[in-house]
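Working notes, structure below.
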Amino acid sequence: MIGLAVVGVLLLLWEIAGRAGRTGLFPPFTDALAALTDLLTWDSLRTDVLPSVGRALTGFALAVLFGTLIGVTLGWFRRLEPWIRPALEFLRAVPPPAVLPVAVLTLGATGATRIAVIAGGAVWPVLIAAHDATRTVEPGYLDVARVSGLRPAAILRRVVLPAVLPALLAGARIALGIALIMMVISEMIAATAGLGYVILQSQRMYAVDQMYAGILLLGTLGWLITALFTVVERRLLGWYRR
Amino acid sequence: MRGVTGFAVLLLGWEGLRMLRVLPPTAAPGVRDVVASADAGLVRAAGETLLAWALGLALAAVIGIGLGVLVGLSRWADDATRPTTEFLRPIPVVALIPVAIVLIGIDTRMQAALVGLACLWPLMISTRFGVRDVDPLLIESGRVLGASGLRLVTRVTWPAALPAIRTGLRTAASLGIVVAIAVELVAGSPGLGHYIAQQQAAGQIAASYAGVLVSGVLGWAISATFRTRS
Amino acid sequence: MTLIHAAGLRKSYPGTPVIDEITFGQQEGEILGVVGPSGCGKTTLLRCLAGLDRPDSGTLDFDGRPVTGIPPDVSVVFQEYNRSLFPWLTALDNVRFPITHLGRAESGRRASEMLARVGLAEFAGHHPRQLSGGMQQRVAIARAVVSHPRYLLMDEPFASVDAQTRADLELLTLTIAAELRLTVLIITHDIDEAIFMADRVLVLSARPSRVLKELEVDLDRPRDEVETRALPAFQDYRREVHHLIHPGGAR
């Protein structure tokens, strides 16, 4: 309750500061809100907002899929670890935005490139988490599975995957944050549409209301997606917390 | 030694893909060209990125850990700030680049501010968790031994929360370098991101790859530093 | 009829010989206790018998055929239930785990029946973390026998539960073994437990282990926690084994 009151007070302060200031750089909250309704028209949703969200989610899904596949596979062959680990650590440490210009150059400024960059940046936390967790799956679980007569494929599906799930989801949560960052950045470079583009372009054209509206919308979307992730996580990990 | 072999395979794979024309040789330069293109500008750019990162992280450490201790100790402060932080946190900081340009400009201060904002959340959340998670038995023991108020916090709560704070610092440090380079890329603030974009625009492909490589080394050095310290 | 026969088993891990030479046989339906000082390679022996590890040399036959992989009729109860029960599965699904190939209905029916046998019918929907240590080990026992194996290997199965629970689980195991006509090999460091449960006790030396003695346990069945342990013969067996394991040591 008090928390919501604080939010109200902060918004009120924003409003007052916006009305008092004459620089035009900091519009009142209500102006930003009014501009938000423009962003929520069907046209703008179709050309900017939904494609952005779609790319972020597609990239994130690809990152989780490939991160899991590669990470679990590499972790399954434990002897590979000393050979590949340093290279993996380096690749993970490359800040994903640094790759963006060369990716655009090599692959072209297309939607697919942006999805690839989002996935390429977000894949590492998942991959590393899957690799670590698979390497260290409780050996007792594997013994039980072997004595029960399971074949390696069944052991992977019925024992390894559930065992690494908590670590995998922790990695995916970090990946989600990176996916959102990469979504915005990828739309600020060599782009003509998307939420990131709208925000940057608004600033360049001094449409400050619209810039803030874009950020508000992005924050709301980020909040929604994170909340959705938490719901999925709770469902999958019911056994883990109890 | 075996790790080096892993790197060698990676580089050979790159060269192989170029030779087979899977990677277009025009857009994907050879390893030797990339290494040869390193110059003083690249080193300067790396220094600028590092500076913005360090300033931002320091800023976030002071504010984030302070706030984290506050909301960790006081339920009231926690309740009061929670909805605000819950909304602010999922906003990708890079979305605020245009705002920061408008309000601050495009220099290192602006970069530091955004890096600081991005790093604020992991630091604040893990500090709050660490403070809250201190074993009540430790607090009780501290009380019994006569510590109270500030003494209790500095002598018992703080050391007990330190491992969690270190974890937050590690996350923040890695995130910080990502944000620093993103800001340079979009806003043109001095640093590696700007360097990479500029070289690419000028057709110096090998040099822009060298920039990517150096940012990787930087990111790797940062995560290695913060891992061994904790 | 001999179910399992091991001759001249040897096994070492890099740098340390673990099993020096072990030879023994086990009749169908027999309960064999294996005791020895801790760290003497009992677990390694069990892993070889289960087909989880390969002995370096020696022969190992199960039901007249050499053991090459994991024999389908062999099942294991591992030492630490918290490392062998799957935390993401309910008690029922844990028990169902080895027999899911029978289909949902049939495997569910058999698993429920086995859970009821170990006295956990009402806890079918609970996850391992919601169960006490003793209950978790009951689930592990139910899971090990749900496929009606012929040979049950138990590795210090009751080492991490309290004394009362331990006595209950010993009796439960004997009852189930009799009902399902199982051949059981139980590894333990508890001399009393080995004598109480087994028809024959194999006493192993410290690492690298050899068989110090094979001891026939001639005590009537069904055995009773109080009466059997109070018999003079029980005391004699226990004294004999104790002196083998701790030669010259005071009791």
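First chain written, first letter: the chains are A, B and C, and each begins at residue 1.
Rule of thumb we're sticking to: contacts are C-beta pairs under 8 Å (C-beta built on N, C-alpha and C of every residue); 3 or more make two chains touch, one makes a residue touch a chain.
Since the structure is predicted, the reported quantities are computational estimates derived from the model, not experimental observations.
Centrality by C-alpha centroid: the chain sitting nearest the overall protein C-alpha mean is A.
No other two chains have as many C-beta pairs in contact as A-B.
Seen from the C-alpha centroid of chain C, the farthest chain centroid is that of B. The distance from the centre of chain A to the centre of chain C, each centre being the mean of the chain's C-alpha atoms, comes to 49 Å.
Note on chain placement: the centre of chain B and the centre of chain C lie 53 Å apart, centres being C-alpha means. Chain A and chain B have centres, each the mean of its CA atoms, that are 16 Å apart. Of all residues in chain B, none touches two or more other chains. Residues of chain A touching chain B in their complex: 1-7, 10, 25-26, 82-87, 89-91, 93-102, 105-106, 174, 177-178, 180-181, 183-185, 188-189, 195-196, 199-200, 202-204, 208, 211-212, 214-215, 218-219, 222-223, 225-226. Looking at the complex, you find that chain A touches chain C at residues 138-141, 143-144, 146-149, 158-159, 162-163, 165, 239-240, 242.
Within the complex, the chain C residues that touch chain A are 50, 52, 70, 72, 74-76, 78, 80, 83-84, 86-89, 97-98, 127, 129-130, 143, 147.
Considering their complex, residues 2-7, 9-10, 23-24, 27-28, 76, 79-84, 86-88, 90-99, 101-103, 171, 174, 177-182, 185-186, 192-193, 196-197, 200, 205, 208-209, 211-212, 215-220, 222-223 of chain B touch chain A.
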